[in-house]
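By letter and in written order, the chains are A, B, C and D; residue numbering begins at 1 in each of them.
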């Protein structure tokens, strides 16, 4: 797979998860106890054998670089290829309609010129999935495609608006790309992951230089007849995170045994920064039910239907239900937390009560409590 | 030396070397054929056994991160400590009077809080030297100093204005810090490298929070009696680069056998990114005299009193004198270059003539020729 | 501190047969400890935390399994250029090779390895000790005393002293007598099996020893007593802190259980002297709706549906519904299926205990029972089995 | 491509005595080549460039020197978790160990190593070949032909064929006869010593071979002919490109000199298939005011004050004033002092030739002279010495 390089967009703006990601980025937001959101896309890339990844960084890049370090955990600390940092364009206003801003690639066009690979895999950091692209790349090569768009068939009707729908012929060639709300079942939608010939990408960037703030999907749609565009299906677990509600629900999904099996226990692992925390210690008073608990915690209190990150301290009598507690929080004795998303390094003082609800989880920022 | 961490300021503004560093930074400017300027300070740190380095990055950080990668070449790709990226404050105007802007440290105060080290070594990226701090650190510990300022005794009177002079007693304690032009010989001057107790640095940052754009040397000077400030001498080769003239002369210094011995052939090496270039190939027509030649070049022409970086192609009949040619330049047949500083990836077309002079070396930017 | 030019030689021992079923397939240093660690993690982390980045691991075993755990040493930050962890099994040299005949012989056979680093000092450590130690402080002591050999020591209860190498010192901490496992100890100052030697001196001593047909080629039995007798500058460094030899099933079990006691002087939670390990990449552990976990250690990747008390679950362990685990240590990927009870037992890596078994004792007799039950790794205990307390269960091959 | 599950076993050979003084202290794979490389760089870089990240290096030598050059394999990007370069000297196993008796025996003794990776394919390569090859293409051929063994082949001049293993194929590239170094070759299709085997098949073949007391336990002599005879699916893959065995002084010298010829089909300057090496960290080379360098390769850290023609200077070489170097190869850190001439010679690593010597021939006789002069590494040639052409100079010990 050394014949494919990747570009990973780590600079999604979006809803910024109600401030949880204000000085971080959605890419480096904690997820599922020990992971960061970007781990899913990045692990999928390296598990497919890709060893050259360009990461488009957001304006606040410290937390993302802190997490990635030299890329060792993703086998990207290499002489040939490895992890390249591609600073994204700085925009005051970010439109969440744009997935792959062409200006971000154009600013880093050197990356495309100096890596002699046939294909470029492009993806974003706000999806939870585990996908080995090997078969998709083989399909792409066999079809001699210019572009292969990865799609999914919706399981429920209209479970999300604003999707980009693909219309394929029997040979899986894409004839039309349409951004519209569709009430129809089984219309494949593009999941913002694509394989494109490096040469074709370079040509598109060059050709559309003057329109460089547009989304890469636009020139593809406009030239759908001139380019050989194919679709390739992904049928596994995949969820996209746009809002705090998404973030909350997708975390809670992990309490489902089958989803954990699909994401974490297949032949490909989700890689993340290894912190060398000690194991988690349960005290005599601990009562934990239906929860996911990371390493390095000390638990003396009650936890139910929750996701607890690394090195969280939970004192006796504390009650945590339906909540997400990020790393290094301290939950003092006698507190009650319900439907709370708690930022890292936060301390909740003894006896405090914080309650959100399923539709509006209460987001507690680092400095807020 | 795991008991000392470092902060390296990579965001010097200065003269920006007439545009050579416009979208790069002085830290990542090519020097001496195969090095970048920051290699000298960073190698001195890691050769002293320091394994935790916080690098304050400039606004244009791509080239600096490209060069450093995961820090492998400097033994900084580690689980404990390693290379930390500390984004510097973004300032429209940069005053070259400020060496260590307190706001840059304040913005990254976490770095000081989470690394349990006794001391912090602070330095900048615009100096050419090779110094093992082991003895200075031992001195610092023995004296139980709060701060140890590294100084040099000037060899010639007033070879630079605007220096910060130190007045020491017999026990090497600093009694006064004065920024002034001095005509006197042998007054030690501060070389912008210092060791400070982490706790003391943290206190200073906290205490001067409201004045955070000042230089760290200011609170030290103001509290010279309250703090235990010592001076430690460095007697090796050390030159600071502020201007293009400095840059040119310091490169040319390397043609001196003794300076090369001091910088490169002592017990501590200057580490840099390894590029795996092939060796340099001389053709039948090559005529090279008194020059420093990096690997990966192909030389068919004439080179005299020059510094040639990696992978430069010099065609037959080209004449290069008293010049600095950066990596991957192509110098076509019959060109004449004198007193030129040529940016990387530049091609000089056949027969062109470019001449500067010793006082005003001609700086050719990447896109200029 | 300057380049200390100190390298470590880690004696990873023989087959460690006193650990019974646990070391039938795995070299002792690679045995799981306290859930997420392996025994060798402690020595390697001590080296890393002491700036020592070159470690030779002397092992009798076929080196492949230990090799794959240690890999490039990067898990312990020991992969710096010029450093690294090197597995040194007995090799075939100019003459046909042979097994290491003793701890000193193991180092003797690798003199060329040590010489290739040209160190001033060699630190000799053991692969079956659980402790946190900054070897640098000991090295500073060694330099300050201008010692030729420094032995790290502990004060032990008098009744245990005869299990150790014990020494008698003068007022300046210089050792004047050294006796290995004496019947009647004249001191309760015991050797931890951690030594610093000046390398030229050690090389000389090893060459002498290798020519002595009477010698067992052992550091404690031969090298040290001889050097003390010869009047060398041998000093005792007094180590303060937790130290445990885990060479037997009983001491291994006890040391694990001590990790459950937070007040214990050995605290694996202290971030200032972190213990590193080459852990598998697993998701956080899941605790099911009917689970109950008390006073226990649980690692990543576990799936706990039953009751766990006073126990240690290493990574990837499965505990089914209605299961009762008490006073036990479950090693990585062990599986205990529904309605089974496991009491005061050590269950080996990837061993499986099927439904409705009783392992260790009848439920209710508690931990006062005598004897620790040990199940070999990869062993499968069929449905409904009853394993009495204190049994060592080996796989049939 | 999917996880290919292909690991490489690199036969690093015996002491390589045909390279004379060059391999007296250094294992053949570690001998310097073309200035900045060492011979093993080519095979290791080929592996890295072919996505193969697990390499076992089979060597008879005491492994320490090769160990320190290969280190963690990171110089060739071969340090990924689960992969890496592993030096495999003969080790002492359950029975006392023994030297590797042949190339096949070397792999036989490490079956357990290979099994621990559970690969589908094993690539067998040699440590003394200079070539750039994408083994993946060969593996694709292997899969496409549904082969059990694939042998990489070159078409050689008929007069040289008897130096190789030669094979006769049917129209489908299936090998029907294989003869190792036949007196009268029936084909000029020669084996490069690069094979891909299906591992279960190879394991079987090795076990059979190890029981055959008549066998030399050699891939070319025993394993391949037997498998062809047994009717296994053995195919010939036709390699296009530069390939050179550097097993003798003459071929080693010639292959080096071919690097000076840019038109040669073997171009080390091609960035698309880079050759990696574990180079020392040295500054750019310095060319002095009186120097003259023509048609030569010069590496980092050299200091050239004299004349250099048609020669290769490895890293850190010193060439004094008034020196004349012609048609020669100076290995790393060799030093040639003022007024000395070195002609058609190979000067070993860190060898020193003092002032006013003549090494190789009288100046002026040129490169037509017969015989290559070789100076052993670390050897010192005193002032004023005259070394005749074609001598091999060993150090006296």
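By our rule, a residue touches a chain if its C-beta (ideal position, glycine included) is under 8 Å from a C-beta of that chain, and two chains touch if they have at least 3 such contacts.
This is a predicted model, so every value here is computed, not measured.
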Counting C-beta pairs in contact, which comes out ahead: B-D or B-C?
-> B-D
Which chain maximises the distance between its CA centroid and that of chain C?
-> B
Would you mind pulling out the distance in Å between where the CA atoms of chain B average out and where those of chain C do?
-> 46
Between chain A and chain C, the Cα-mean centres are separated in Å by 41
Sequence positions of chain D contacting 2 or more other chains | 74, 81, 274, 276
Within chain A, the set of residues that touch 2 or more other chains is 72, 79, 274, 276
Can you list the residues on chain C that touch chain D in the complex?
-> 62-65, 67-68, 71-74, 79, 81, 84, 86, 89-93, 96-99, 112-113, 116
Note: in the complex, chain A contacts chain C through residues 32-34, 72, 254-255, 257, 260, 263-264, 269-272, 274, 276, 278-284, 286-296, 298, 303, 307-308
Residues of chain A that touch chain B when the two form their complex | 60-62, 65-66, 69-72, 76-77, 79, 82-87, 108, 274, 276
Could you pull out which chain C residues touch chain B in their complex?
-> 1-3, 48-49, 51, 74-77, 80-81, 271-272, 274, 276
What does chain C use to touch chain A in their complex?
-> 34-36, 74, 260, 262, 268-269, 274-277, 279, 281-300, 308
